[in-house]
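First chain written, first letter: the chains are A, B, C, D, E and F, and each begins at residue 1.
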Amino acid sequence: MATQQLIEYAEANSEVRAIYDDIRATRKTDYISNFWKVLANDPTALKRAWESTKQVMAPGALDPLVKEMLYLAVSVSNQCPYCIASHTVAARKKGMTDAMFHELMAVVGMANETNRLVAGYQVEIDERFTSS
Amino acid sequence: MATQQLIEYAEANSEVRAIYDDIRATRKTDYISNFWKVLANDPTALKRAWESTKQVMAPGALDPLVKEMLYLAVSVSNQCPYCIASHTVAARKKGMTDAMFHELMAVVGMANETNRLVAGYQVEIDERFTSS
Amino acid sequence: MATQQLIEYAEANSEVRAIYDDIRATRKTDYISNFWKVLANDPTALKRAWESTKQVMAPGALDPLVKEMLYLAVSVSNQCPYCIASHTVAARKKGMTDAMFHELMAVVGMANETNRLVAGYQVEIDERFTSS
Amino acid sequence: MATQQLIEYAEANSEVRAIYDDIRATRKTDYISNFWKVLANDPTALKRAWESTKQVMAPGALDPLVKEMLYLAVSVSNQCPYCIASHTVAARKKGMTDAMFHELMAVVGMANETNRLVAGYQVEIDERFTSS
Amino acid sequence: MATQQLIEYAEANSEVRAIYDDIRATRKTDYISNFWKVLANDPTALKRAWESTKQVMAPGALDPLVKEMLYLAVSVSNQCPYCIASHTVAARKKGMTDAMFHELMAVVGMANETNRLVAGYQVEIDERFTSS
Amino acid sequence: MATQQLIEYAEANSEVRAIYDDIRATRKTDYISNFWKVLANDPTALKRAWESTKQVMAPGALDPLVKEMLYLAVSVSNQCPYCIASHTVAARKKGMTDAMFHELMAVVGMANETNRLVAGYQVEIDERFTSS
């Protein structure tokens, strides 16, 4: 159980409601996830997190599905159960197929393996990887 | 300094040479990075790592640039200097622009932040994220 | 379920009882948490962990609340559910208010973000940060 | 070597200069660290990171020294060399004595140890740590 | 709940059945754990993971119990609940006693502590640890 | 450069000298590594760390080489350059051969990979792994 209460729309102050409204409009869904409802205990944190998320996850040089998969890859690597559950759903909504998910998992697994091989074998960085 | 020697082509046995040849043919470059040269101290490990890499990073449901960026995202999250240096170069060769790199970094930074917000606020997983 | 049994006071040997007594006296509470009851399966480990805890968390140049918040910050960053749950309660008992908790979380989130920005952008350490 | 250039004030655009000016005014120093100079390659990221930092690290329910020590504790736990070097200097400027630093390190070390003891012994969360 | 289905033997294709058969023969048990049943959603991943596991965990210069304990030590350090639960059982089957488990845990705890002491105190590597 | 001075024997106080003497006697070498010389800036921390190390790494149910390899496995997984360099040397002194080192690395790499596969595929713990 969270030590923080879930702040529902009905009981939220106007500052929090405005953010919930923006989340709903931006994501084209009525659903507000527990993450935002818990963060709403600190409206300043909610605002900062939402504005960053909105800006960072918006279409840009990378499309939203790629961004969602990068997010998921980091969350899997960090072993964050909530983030894995929620961003797997989000990535699927944006078009991640089973085949894409399996390939993502294979890359994340291998990167975690080779990151340690490099560390344990104390591999020095090739000169050509450090010059600008 | 690596506690393991770098195994150069000239001094490699035929098993290692065959893998170096395959790396060169697959990647269309003569260059063999320190990672492979160090792993070559254990030809079995070299073979296993190369065959997995070749299979996992090949074009599939995800294109090679997306895979390279997922790899980089995990390596940044794990703070592996060698892997960051080498895979940044690899991703750029496959077409990652400055703008794409900046967006990748923004996602990785934010995922690392929100992974901890979720943990610290002890957010429970929404029911809708757990049903199949 | 823990693979180790919870060792209750009634069934504990005299060595373990002496430590339970000291925990109770030091913390001014009768309650012994599951952490200690599980560690008690290895009385040597229990003794070592308790003596370190008692020494490290005692008032000193830093007051106990600050120490408890540092502990919590590390546990959140490491995403340890048990440690987050128990040390959030402990910090609140020592005076951590909601406002303090929110600020702690904001710092932990941001540190986790910027730690990766530094790694991914391969920022070199400023000379002035390395001279003694 | 960073793969990104250090953006010096003289060569920065007006958006970046405005942030450099604000960093200098807020921190009462002319010095801009490599972190900001590298982030300036992506002015949007620089702005987002600086505004969060300014907001999060400002005096509040926790004083700036405690916040700086929380930041340092996370960076030590994550083993980020740049962040450790820079935030050790920052914490000392805000009043962290040798004795305080040693106590911080003892807490960080112990939290990292006990986080794993809890995980490996599969300790279940005490009921009293989960009720609101 | 896993977002991926558990693939039981009866519903598996011939490729997956062949691997299940090999797992059973190699491990001298009929039991197939959830890990393999979930991975079987991607038969290529299942094959790659099983062949690596079979090769890496086989008796060699290190005996299987030592390998199992190294695996467990890493899983505890990474705080992976599934891996800790399954590899604790596996290590016990291979002969890990209570005393051995307690000593393993003590080493893992201490390594996690001293890894951070080294990082936070910014200890430079002794010259004698870097020469070949 | 460490922000803490290396405390040499000649300049150490009697408390620190006693520990240096015990390290030398226990390890049968005159050499004191930088880790201990830096920790000596906080004699209390030095004493606590040395006494734990001496107790934890002593022969017991596990022999010292296995303990040293567990320590190394965790340090590789955590990517701690100092700890990897020093404990690789220590393990070799205690008898770790090249073949043993390669097998250790293979296990550490694979555990890091499968820890993430389990997390990302959200594998539920098998009932038989949780019953006592």
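We adopt the following convention: contacts are C-beta pairs under 8 Å (C-beta built on N, C-alpha and C of every residue); 3 or more make two chains touch, one makes a residue touch a chain.
As the structure is a computational prediction, the values presented were derived from the model and not from experiment.
Engineer: Check every other chain and keep only those touching both chain B and chain E; list them.
Structural biologist: A, C, D, F
Engineer: Touching both chain A and chain D, which chains are there?
Structural biologist: Neighbours common to chain A and chain D are B, C, E, F.
Engineer: Check A-D, C-D or B-C against B-E and flag the pair whose interface repeats it, over half of the contact pairs matching by residue number.
Structural biologist: A-D
Engineer: Take the average of all CA coordinates in chain C, do the same for chain E, and state the distance between these two points in whole angstrom.
Structural biologist: 27
Engineer: Please report how many Å separate the Cα centroid of chain E from that of chain F, as a whole number.
Structural biologist: 20
Engineer: For chain D, write out the residues touching at least two other chains, lowest number first.
Structural biologist: Residues 1-3, 41, 44-45, 48, 52, 77-81, 85, 88-89, 102, 104-106, 108, 110, 112-115, 117, 119, 121-122, 130.
Engineer: Flag every residue of chain B that touches chain D in the complex, lowest number first.
Structural biologist: 79, 85, 88-89, 98, 102, 105-106
Engineer: Any idea which chain C residues touch chain F in the complex?
Structural biologist: By the definition above, chain C touches chain F via 1-3, 5, 44, 48, 52, 55, 130-132.
Engineer: Which chain D residues qualify as touching chain C in the complex?
Structural biologist: Contacts found on chain D: 1-4, 31, 33-35, 38-39, 41, 45, 49, 52-53, 56-57, 60-62, 66-67, 69-71, 73-75, 77-78, 80-83, 85-86, 88-89, 97, 99-100, 102-104, 106-108, 110-115, 117-119, 121-126, 128-130.
Engineer: In their shared complex, at which residues does chain D touch chain B?
Structural biologist: 3, 41-42, 44-45, 48, 78-80
Engineer: Within their complex, state which residues of chain C touch chain B.
Structural biologist: Interface residues on the chain C side: 72, 76-77, 79, 81, 84-85, 88, 104-105, 108-110, 112-117, 119-122.
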